[in-house]
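Each of the two complexes below includes subunit A, the first together with subunit B, the second together with subunit C.
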Partner chain A sequence: MPDDHAIQTQALNRIYKIRGGKKNEPKELIALRDVHIEVPRGELFGLLGPNGAGKTTLIKILTTLLAPSSGRALVAGFDVTTQAYEIRPRINMVSGGESSGYGLLTVRENLWMFSQFYGIPSKEANRRIKELLRVVGLDDRMNTKSSELSTGLRQKMNIVRGFMTNPEVLFLDEPTLGLDVGAARDVRGFIQNWVKQQSGHTILLTTHHMIEADELCDRVAIINQGRILACDSPSSLKRMLQREAIFRLRVDSINSAEPNNFEKIGGVRHFTYRPGEGHATLEFILEEEDVLTEVVNQLASHNIHLQSLEKREPSLEDVFIQLVGRSMEEVEREGTS
Partner chain B sequence: MKEPVEVSRPYSAKLFLQTVIARAYPRVIGAQRERSWMFFDVFLPFLSVSAYVFVYRAIGAPETYIGFVVMGGAMIAFWMNILWGMSSQLYWEKEQGNLALYIMAPNSMMAILLGMALGGMVATTLRALVIILVGSLAFNVQFALVSFWALLGTFLLTMVALYGMGMMFSSIFLMLNREAWHLANLAQEPIFLFSGFYFPIKSLGFWIAAGASIIPLSVGMDAMRQLVFPDGPTFGFLDVRIELAILVILSIGFILGARYLLAAMERLAIREGRLTESRR
Partner chain C sequence: MLGRLRTFRIAAWLGWQIESNWTDPFLFAVYSIVKPVAGAAILVVMYGVITRGDFSSPLFSYIYLGNAFYIYVGAVMAGISWAVIDDREHYKTLKYIYISPVRVPFYLVGRGVARFLTGTISVMITVMAGLLFLNLQLDLGTVNWLMFISALVLGVVMLANLGLLLAGVTLLIAHHFFLIGEAVASALYLFSGAIFPLDVLPDWLRPVGFAIPLTYWLELLRRALVGNVAEAFPTLSNFSNTQLFGILVGLTVGFGLLSTLIFRWCDHQARERGLIDMVTNY
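Take a look at the complex of A and B:
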């Protein structure tokens, strides 16, 4: 494989053996199926999929923490199975909601500790820690015990831990998980700037937030049930839906049985119903705009009062729906039920 | 399943040392910030020591026994540290999310374990010294030190063997996941008995004492008691030189065992996906 790629996988599979089959016999759970991805150096690559889609499994394999069942994966040109010790100095990882480090140590001490595991001289480590904490706006908490930090501030500390070693390839596994809007925006801004400033450094970001993938990533792979369903730039992915018309309708509250009727209208590719306080939002992906007439007629025949109607541009959520047949929310709900 | 291939890690001695110091840091510095250790690690063990002292004095046991009890009370701190601060530690590190970061970093896991051991040893020595000091003053313990250097050497050798055992256990406990809790609980009380924390192990009879010698604290403490107390040699199980030889063998065995098990654990965990916390 050419080494201008930061990450490459070929026919990668991972099967977990779990208990819970008949008579508690081990059964197989396929976490990754035949995954092929190629990420050139310097790219911010997104892996978008619902919880349980296989994103974290793929990251674990690429960070040498999990062996693939079959297939091959290269990171920075080295094989994850046979050359793990060549890969490790070149990578780092930050996971959302992680509670790494020790609560009794201060932010600076925790970061210093992790820097030592990468052989960074103390003086240089302290310089980088100070600088990065300033960039993420955590410099005033440098001497605060990490147990006293809020979730958002703790995640900023984790972000600094990941970037501090200046890795060739950085894995961000749901880095904004559990963060409030402001903190998530800060983290996204920091990631975006870092990639711009560090030419040749690569980020693989997993997320189930469409906006995050759309806003940050050069290219996005959509993954569901361990399979990569599509991989392209966010704009190219959205262009897949250019022929479809997407409408959002706000209507008075409706009977919960009524939405079933809309699915049956010819030309409705997908329909989503979201009840709200005193109203409901209906989203339609239609094969063509003309189908809207029939939708509006159906509303009128059911005495449903239309409050507003909006035609909107396709989003990655729509791409996901197009590929999977359900929204990510629906897939996650099914997964937990 | 693709088997991870063992490839020698490109470690440097400098990185190894940096890792040891960094991992020891939270234990040496961080642990002192939690002031509750004065109560849990000094005051509570001191109560147990006091109870035995009062019993021995009530039944007219030799005065040397009082010193034995105080030393035993101090050494218990090390056993507790081995059980809860070493053996169970990798499991907790996993649940906290640190283990994956340790393994993913380009360092040696042996350096991480050694750092944990050294940090635990330093922090626990402080607690043990406080118990010895308070116990000696409170109960007027008489010492007859044969040689300071011999005592220090015996203590350090005991620590190497003991923490080597802890390093080995930490890999085993990690593979047992939550069962590690039960194993640690199970190992607590019997070791109190077989290590002779509150009495000379000679009292257990030769074969039981010989079996108990697999625990570094049993032989180490017996040797130290012989070197420190006036009637120590009278109550000693074996000659100090034999006990030192046993400690050397145990140290080598446990450290090699720790190295082997750690590598085996890492391979198994990477194959089965057990390196990350349960929720991920």
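Take a look at the complex of A and C:
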């Protein structure tokens, strides 16, 4: 029953039972709350949220590794709880930031072995492996033991493992995590090309990089604390902030106690402060442009010297701030403290 | 079905690549030759002390062979259950295998084949050492080979089932219990009549010996190899070979069903609790 949705979830919840309350008593952690998403076939769908938001948990449920606590999830039209064996031949998954694989096998052997689990004829498998390794720039390492690869190259091998089976639905969990800038760009380019070429194939990608979500995804769901807060195309999401004005100010180094005052200025929606060498960067989301006058006055009254001022377009980061009231970085910092 | 055979074959290939990847052949020798021979030597010394050196007694052959073939128990059970830990925690591939179309039990049993093969080397070397140096009463010309092969195959199927059961349990437990295969094998060593007759056990422990299929399996192997001295061990001497086979088949089927059920339950639990990609010390 080919359905026009690659992924569909209804009222999906996941609760982890964990020890670690006071006196080691069991407690419950709600990792996903009432998640509804619908991803049509052929879409590159992004899940954007800070660490601990529940992104991996959702992917684990959709790839049949983890059971939902309640609610329903369909992948390629099949139920993850009751039809796992229908789903598995149609999907694949790649997790970033880990080095998986059999170190004592060569790159080619690792990939060939997995292709056999999917029943891909050996000849065809070898052809795909060769081609994909060439695309990610790993073809000269085909006969290298994977233990001898750097983490970045191992991740590229893992990416080939995911794409090699031509899955109907592919799950990429932070695919560029831990890669250097160049490798991350390669991988993004590769992902983008793949969805273009394979019409009807779907990718669900999680990330906590704004730019990655913005650049790659047709639509993005913003997730925080297990809840989907918004879901739309990046441009529509950013249109939520069309009335606000966003400014980046570079100033001489300031006393770190002072920034607190800026939040209190009327009309300042959000304020971030990043110290640098010999300067500091201040970012303001203002309810309207006029508020800037007051901000500049305040700087002057504190004897803070303004080096430069720039108005910038809203980013998905600003959308997140708008929805949550804090930046992703702030949310992550609170989570670990 | 074809897919399952392929899964089994590929997993066996992988297991062999891992098992035979001794960067140092010396280690391989220690592991599959020195260790079993040393184990047998300890047994021989103990036997010698207790019987004042009566190595020509049929009892000696019985004990020696029981111990030698018991090597398979640890090898097959540990080989299968260890694959779970190895893939989950070391290679971090278990989740990728799980989301592929393979039937995981076929994969795991396949992974155990390599340990079965190295186990076979150990068994053969141990038996040979007995023949060469210890006057082991085993005449290869009088061995009932058909019975031997049948019992061996049946036993390996049974051990694979037990291995799968332990693999299921391993899915639910953390790394520090990683020697579960060896541990269970050692525990059953005393209850399976491998080195002494069940009659030696206290009354209340004896039923354990009769309930586990290993007891009948070892008895059948020994009868096939040194049939004429079957009476040396009193425990099962009232049973005919056919009866023993019948019991072994029955227990193998029974344990097979039980293992399948337990594995499924553990598998389900692992999915409920999110343990399939667990890394211990998380």
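The rule is simple: the second predicted complex is superposed on the first by the 335 of 337 C-alpha atoms of A that agree within 3 Å, B and C clash if a C-alpha of one lies under 4 Å from a C-alpha of the other, contacts with A are read in each partner's own complex, and residues count from 1 in each chain.
We adopt the following convention: a contact is a pair of C-beta atoms (placed from the backbone, for glycine too) under 8 Å apart; a residue touches a chain by one contact, two chains touch by 3 or more.
Everything quoted here is computed from the prediction, not taken from an experiment.
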Superposition on subunit A - do subunit B and subunit C clash or fit: clash
Subunit B versus subunit C as contact partner of A:113, first or second or both or neither: both
Touching partner for A:70 - first (subunit B), second (subunit C), both, neither: first
Chain touching more of subunit A, residue-wise (subunit B, subunit C): B
Which superposed partner A:142 touches (first subunit B, second subunit C, both, neither): neither
Partner chain in contact with A:82 - subunit B first, subunit C second, else both or neither: first
Subunit B versus subunit C as contact partner of A:91, first or second or both or neither: both
Common interface positions of subunit A, toward subunit B and toward subunit C: 16, 57, 60, 63-67, 85, 88-89, 91-93, 95, 98-102, 104-105, 109, 113-114, 116-119
Residue numbers on subunit B that touch subunit A, as the complex places them: 1-5, 7-10, 12, 14-15, 18-19, 21-23, 25-26, 29-31, 33-34, 96-98, 100-107, 112, 270-271, 273, 275-276, 280
Subunit A partner contacts - residues on subunit C that touch it in the complex: 3, 6-7, 10, 13-14, 17-18, 21, 91-93, 95-102, 107, 271-274, 276-277
Partner subunit C, residues of subunit A touching it in the complex: 16-17, 57, 60, 63-67, 85, 88-89, 91-93, 95, 98-105, 109, 113-114, 116-119, 161
Touching residues on subunit A, where the partner in the complex is subunit B: 16, 56-57, 60, 63-70, 81-86, 88-89, 91-93, 95, 98-102, 104-105, 109, 112-114, 116-119, 145
